[in-house]
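Just passing along the structure, written as structure tokens.
Naming follows writing order (A, B, C, D, E, F, G and H), and every chain is counted from residue 1.
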Amino acid sequence: MTKVLTYKYDGPRGAPVMKADASAARVDTGSWRVNRPVIDLSKCIKCHMCWLDCPDGAIYLDKDGKPHVDYTFCKGCLVCANECPVKCIAVEAEKK
Amino acid sequence: MTKVLTYKYDGPRGAPVMKADASAARVDTGSWRVNRPVIDLSKCIKCHMCWLDCPDGAIYLDKDGKPHVDYTFCKGCLVCANECPVKCIAVEAEKK
Amino acid sequence: MYKIRIHGRGGQGGKAASKILGAALYLEGYEVQDFARYGSERRGAPVEAFVRFDRNPILERGYINDPDCVMVLDESLIGIVDVAAGLKKNGLLIINTPKKPSQFRGFKGFRVVTVDARSIALETVGLPVYNTAMLGAFAKATNLIHFKFVRKALERELGKKLGEKLIEKNMDAVEKTYDVTEVPK
Amino acid sequence: MYKIRIHGRGGQGGKAASKILGAALYLEGYEVQDFARYGSERRGAPVEAFVRFDRNPILERGYINDPDCVMVLDESLIGIVDVAAGLKKNGLLIINTPKKPSQFRGFKGFRVVTVDARSIALETVGLPVYNTAMLGAFAKATNLIHFKFVRKALERELGKKLGEKLIEKNMDAVEKTYDVTEVPK
Amino acid sequence: MSELQTIADIPKENLLSGGTAACPGCGSITGLKMALLIMGKDTVVVNSSGCMTLLCNYPRTPLRVPWIHNAIENAPSTASGIIRAAKRLGKKLNVLCYCGDGATYDIGLQALSAAIARNEDFVYICYNNGSFGNTGDQWSTATPLFANTTTTPVGRKSRGNTLSRKDMAKIIGAHGCYSATASLAYPLDYLRKVKKAKEIKGPAYIELLAHCPTDWHFDSGQGMKISRLAVQTGVWPLYEVVDGVLYLQSDKTRPVEDFLKTQGRFKHLTKRETAAIQAEVDKEWDMYKTGEYWKTDEY
Amino acid sequence: MSELQTIADIPKENLLSGGTAACPGCGSITGLKMALLIMGKDTVVVNSSGCMTLLCNYPRTPLRVPWIHNAIENAPSTASGIIRAAKRLGKKLNVLCYCGDGATYDIGLQALSAAIARNEDFVYICYNNGSFGNTGDQWSTATPLFANTTTTPVGRKSRGNTLSRKDMAKIIGAHGCYSATASLAYPLDYLRKVKKAKEIKGPAYIELLAHCPTDWHFDSGQGMKISRLAVQTGVWPLYEVVDGVLYLQSDKTRPVEDFLKTQGRFKHLTKRETAAIQAEVDKEWDMYKTGEYWKTDEY
Amino acid sequence: MENLITGNEAAAWGARLSRVECIPNFPITPQTEIIETLAQWIADGDMDADFWTLESEHSVLSAAIGSEATGARTFTATSSQGLVLMHEVMYIASGMRLPFVMATVSRGLSAPITLWSDHNDFLANLNTGWLMFHAQNNQEILDSIIMAYRIAEDNKVLLPAMVNMDGYVLSYTKEPVEFPAQAKVDKFLGKYRPKHAFFDAKNPLVQGPAVLLPHDYTYFRYQHDTAARNALSVTRKACEAFRKQFGREYGLLESYKCDDAKTILVTQGSISTTAKAAVNAMRKKGKKVGLLRLRLIRPWPAKDVARELANAEHVAVLDKNVAPGQGGIMSPHVKAALFEYGAKPIVTSFIMGLGGNPESVGMFEEAVRLAEKDKRGGVLWLE
Amino acid sequence: MENLITGNEAAAWGARLSRVECIPNFPITPQTEIIETLAQWIADGDMDADFWTLESEHSVLSAAIGSEATGARTFTATSSQGLVLMHEVMYIASGMRLPFVMATVSRGLSAPITLWSDHNDFLANLNTGWLMFHAQNNQEILDSIIMAYRIAEDNKVLLPAMVNMDGYVLSYTKEPVEFPAQAKVDKFLGKYRPKHAFFDAKNPLVQGPAVLLPHDYTYFRYQHDTAARNALSVTRKACEAFRKQFGREYGLLESYKCDDAKTILVTQGSISTTAKAAVNAMRKKGKKVGLLRLRLIRPWPAKDVARELANAEHVAVLDKNVAPGQGGIMSPHVKAALFEYGAKPIVTSFIMGLGGNPESVGMFEEAVRLAEKDKRGGVLWLE
């Protein structure tokens, strides 16, 4: 509905500036996925190529250096699957 | 005195365009001269260096290829005198 | 005036759907306005497209807040986007899904139509393009457009890009969807 | 208010003349405005500079159409530029020339003062810079400025550029011109 | 930072989260993410309008480092203000310009060239996706010969882009500053160059081929392969220019066709056109190999 | 037009009259006057704002050929409009951009680079007087090291310009188009280059050292001598770049001091500063002589 | 012939039917589709023109100046950042009296950067000496481009013209558009044969000289101003000729149900049609409401504007733009027009639609309601 | 301390006394002397700041954005073509809420190109969201730059400010100027410590994000507009503080003998002092004439303007500028202000002083004469 706007003046906070706090990490781009990469950790050699190549920072390494996919972000581009030297990342159709 | 301007509309002629008719040739830059180049045609070898080098097109060649200074333009820079290979251009103080 | 809002994802052809629908309605003799919002949408990101049509010239413009019909090309949008926002009471909500309408409890007060456009498209066109198939569902649910105009519209809007064969396959999809779509009263 | 217009040529120091004059008058305690027009003027091209001064703050600005005094740094400008344009009746016209005032017939109704600033400058400063020498003539003709302020002004405006020796020589030029200038009543 | 011999040497702190508007499989964002691993936390990213601008879509950002977007053509000038001010204020900040090819080859070239001539201390990475990507794939002077773009479309009377790509890394190299090409398919090489660039006092330029599934028309998972083929076919030679001398690093081992056929933007190519591209590449490589251009040095 | 072996071969129709606002002894206007002898009557001159703009001071012009002044940074873009339109309208016109160093190295570089990348058919002459001349001698990226300008003034804490000149002719050469340097003191060489440039289908760039008595601070009659010394001392090497290969034409036979001491802008130089300039020139010439840069070919 | 096309396509058709010869260009959302459409036509041989992409919009307009100054009919298009990047050259194009046409597709200005439409970009040009038309729908875009060439090239005018459409809501929206027949357009426009600005070795001209004498400079500005004012009557005549030739009616303004209106909405661009729907709705409810749509923004038809508004009690000016620290950009012009005319409705200034903020029938109804309550002429932001 | 200095030197002194830290710059007549003066001071060690010449004014303003966004007090200066070349970035600087100061030296715009002064360049910025001050003499230039930093950096404002002087007639004219003591200026200004816009690895900020939601975009514009409007009272207070500290009086406007005036001249910039001389001359002849000088152009003090003019019978607005097809740029704003206020003097609009066309006492007298004859509010060009 139509509103008459009457904001109060917010001073410095009214400038189009934001904290560089990686808040986009709260955006669910996982829903874009059509295909899902699934890592077979048993075959993984921890080369970390998938971690390095993932455009969306969707692969993180655990304490032991094992890669995991964060499906909140993973857009399913499949770069990781293609680049894994030991081909231990499988591709599954995303079920909707 | 202060005037109220009331031009008529001049159509295409009212655009800031002019003929490329070398009308600057009517501007007397000879008056800028402090020193005057004077060609001694008897020594001149008609190499035309002075004609080529003159920044202001103040040297013209006659039918016989002899150079002459047009003092209407000549600003007295003395490039010609300096560059004449046979040094046949003398420099005289301009009398005012 | 009849207003349609289409929800899809970048790359799924929501824009094309609105174009074809618009063209078909136009060929039917309606005054038509179709409008796809473009923003920072990339493949996979939620996008919207709109169609208005009427027998009289259309004066209203822009975003459709109060559609008569909403088409959802990608079921996964539900929950991320408020697809039914402003949908008129008893308005039509066409969802591309293998599920039954009854499985969509959230949409009270609307006429929910479901159609497995994805499967049909894969079957007929051989590609996961849901837009044309969805048109079949719309035709069935509304009875507002003729197949012949859908075909013409397809040829006009996408003929150059798809070629004759694919147009034919797309029409198969339209027909097939038309047939299988069940319409609640 | 007293208004001075200076005509010279690019490179002859008309701008400097107005600066020094302005500074000297300022040091005398006047309100001063000095203004050199810069356009497409190159060495040798006609240029103008202006000085206004008054005991009260100066409100008028820009080009001086109605000077009390005109200084012509380069005689050859006469005929090319209407140097006396707007000069007040009985106004002062100071011309750098070896000629006598009587040789300037064209300037009826003005007080013409001539001074061979060029020769004096060559003699004293050793360079054909006419501006400072002209100030001597102005001082003599108007009795408006003190030498000590001319010196101060010179130091202030050109001290960095010229150095002490040249300032001294320039002052010689000022004094010499002052001495030789004949003023019509 | 160690010598970057293997991936293990790369710092693991990711300064760019997901959740962005970039297309799946986008090479451009991959390049930024990788570069930030090396550039580190005290880096201000200066971005020119383009695909990456939409990363920071108010009120969300994927970044964990300072970022500024000013306009499309002025990242290097903006950077110079940051560099000067940081120095005055005693802040230790690295400045990384991350800009598209349109912003670099075309509308922002002048600001870049000038900043280099002023010897500003910054790293400039041009992510080259060969088109104005954010506006939907229009020709830039970085677009390859014959590519189909929306402003050099293939049509009944047209075969796509008729002009060869501007040779930007060499043009920048001719400024006398560090200039290098890189490929995402050779990440260690890329990151070594980023490291070198960061360490140089003064300007350093890296041009990164940024595969773009959307405009090049390929499946999103194929990007690294295509970037690798670009190098292997000699379409995208890897080199560094140091003090005006070019050091060639890669070799040309495959026909250009292997690269061209992977992408929709070249799918209209005839044999003759492919051959013309091959000839152009061969000519360039002849120059490298015979040292006509610059001194060349094997990788 | 014959082969331009001697002055006799130069067409004698002068297309630029006197009566202009240019300073006495101005090298820039001399360069235009000479170029027009070769370019001929069917030439449109496209000028960028600068000293030459004031030649056409309404209602007077020294020109006998068409002329357009648009703004300072857009001569090459304006030229491209003229070229395209002339072609469409079936007019045979040569297009000559005549632009200062500020307009070329700095504010107009981008338009120039782009026009070259688009392969526009025009001749571009940059008359380089080493400063923003028309605004009264401010530093440009064409200003030589240590020169005293009004924005890089010598002062109690400053020795003038601290930056080296941008190497424009090489940067343009790296675009792959014809690029040459020239000196007014070698007019036949200059005019041969103009002729070559005119005949080339496509872009051609010539950079002319334009002595400027006003900003360099020397007596107006000395310009040609100084331009000659620039070449002889190696400060201004004459060369052509063709297809990316540099052909050196001049030789370095005198110390740079011979050039520097002729001009007021260098009068503050210490021995050490002169030596630094000598070292910079020597380094560049080493590159020529050892072929590090490009292949060199004796004149 | 009629078809369903977007506003961008309509602009491209306008250029095509006007047989433009030179099209320098640069991409920017939401304008790009115009040049893409032209590029495809040329690639397919459906249109014959020189189409080239430059490296920036500053250069695009510079190139347009070059081609138009040579004598070729020139067209270009831009938006937002591109338009303001051209700003310097805008004054040059008009000052050189070069009659070409630029389609502009309105989009809000950065910072912060947006993609959506408002009128700040277009209205940045009020002082540039261009003719400025603002279209409300796709048909008008196409028709206005054709008319703009006729008006611009008229010897009484000789000035460049902008034809503006709103981004997205027109540029990307398909509507039915009727195509004028090419032969008729050819007749309507004729060929461009400039008498003042061209290049020819036989008749060499100097274009763009320095004018350092204030008197001469003033003369040229006076001529420029007169030329722009002439465009008022030239536009009237062109609209009349257009109506005769093509049957569609246009004017300097569009007055919609103003005659007996107590409250009049003042709008420009695409929001006007929604506003008309609102007027219709309110009329149905018996409210005497009208709409004045500004179509010719420059030259400014102050008298016509005032005359239409003079008898209203309330005027609601809806500015889809804002000049911070001043308010809506058009409202002072409307008020000044009323002041000059001596009319005294209460004028309420509304700021709305910034950065793509949508309008609606309800918004206009609300504006009328608020305006009618207003006693002193306030400023209100609507969303 | 007092000295005889040019307007350009006054601007340089303003920057020096404000202890600016970063000075990106580019030469253009008649502004160049400002940067040359600063360059020489820095070369001599008399001033400490980073001074660098960029390759264009577009880049200069971009660099100013960069340095100010990092947290350094920034200054720059330009004119004419340079100013309009910055146009795109003008909106960005203000939209990013970066409070730095730019001195502008007015010069007419091309085409045709001129070197002399008029106000078309400065007034091209009315919608850019900057604060705009216009000085009438050299003292005011210096003082205004100092005040501008205080106003701009106020948390209620946080916007960039322009301080304009007229080319030649001020920029190159020497006048007596009093120098505020450095210590007092330091106290008046304080250090710049931004809370919203800076770079710091420990507190990383994103400046210049895309804002694609119309609602958010509108919010930022609203804040921007409010900030600009806040500058009205902030300026008033700054003037008061300045008067207390330095003894010189300034306001949003200067009202000169308006109280009982039947006819009021409205001017801005350096022509105002000549106009005052004319007022004095006319007053001597017994004519009730006054002058309203516009000093703060943006934000626009509409009410103050109207209040000063409300009781006059005739108002003569002298625009040293022209928007072809519309007229003087400021006159509609003055009329709109009067309209809002409900006052009804007859306003005559004068266009004068274009491309350096000189004003004179006689011209203002003539303007008054013509205005007093005017019954309907006409437009007249004076020379």
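The rule is short, and it goes like this: a contact is a pair of C-beta atoms (placed from the backbone, for glycine too) under 8 Å apart; a residue touches a chain by one contact, two chains touch by 3 or more.
Everything numeric in this text was worked out from a predicted model, so none of it was measured.
**Student:** From subunit G, count the fewest steps through touching chains until subunit H is reached.
**Tutor:** Counted as steps through touching chains, the separation is 1.
**Student:** Going by the average position of its CA atoms, which chain sits the greatest distance from subunit C?
**Tutor:** Relative to subunit C, the chain whose C-alpha centre sits farthest away is D.
**Student:** What pair of chains is linked by the most C-beta contacts?
**Tutor:** Looking across every pairing, the one with the most contacts is G-H.
**Student:** Distance from the CA centroid of subunit B to that of subunit F, rounded to the nearest Å?
**Tutor:** The mean C-alpha positions of subunit B and subunit F differ by 23 Å.
**Student:** Between subunit F and subunit G, tell me the centre distance in angstrom, where each centre is the average of that chain's C-alpha atoms.
**Tutor:** Distance between chain centres: 43 Å.
**Student:** So the centre of each chain is just the mean of its C-alpha atoms; given that, what is the distance between subunit C and subunit H in Å?
**Tutor:** The computed centroid separation for subunit C versus subunit H comes out at 56 Å.
**Student:** In subunit H, what residues contact two or more other chains?
**Tutor:** Only 29, 55-56, 58, 81, 85, 88, 92, 95-96, 110-113, 115-116, 204-212, 218, 220, 222, 224, 227, 358, 360, 381, 383 qualify.
**Student:** Which subunit B residues sit where two or more other chains touch them?
**Tutor:** If we look for residues of subunit B contacting two or more partner chains, we find 5, 16, 18-21, 28-29, 32, 75.
**Student:** At which residue positions does subunit D touch at least two other chains?
**Tutor:** As it turns out, subunit D has residues touching two or more other chains at 39-40, 43-45.
**Student:** Touching residues of subunit F toward subunit G in the complex: what are they?
**Tutor:** 41-44, 46, 53-54, 56-59, 61, 63-71, 73-74, 76-89, 91-93, 110-111, 113-114, 117-118
**Student:** Can you list the subunit A residues touching subunit E in their complex?
**Tutor:** Subunit A reaches subunit E through residues 16, 18-29, 32, 47-49, 52-58, 60-61, 70, 72-79, 81-83.
**Student:** State the interface residues of subunit F toward subunit D in the complex, per the touch definition above.
**Tutor:** Subunit F residues touching subunit D: 21-24, 54, 57, 213-214, 220.
**Student:** So in the complex, which bits of subunit H are touching subunit B?
**Tutor:** Listed in rising order, the residues are 111-112, 360, 362-363, 365-366, 370, 380-383.
**Student:** Please name which positions on subunit E make contact with subunit A in the complex.
**Tutor:** Interface residues on subunit E, with respect to subunit A: 7-8, 10, 12, 14, 16-20, 22, 24-27, 29-30, 33-34, 55-67, 184, 187, 213, 219-225.
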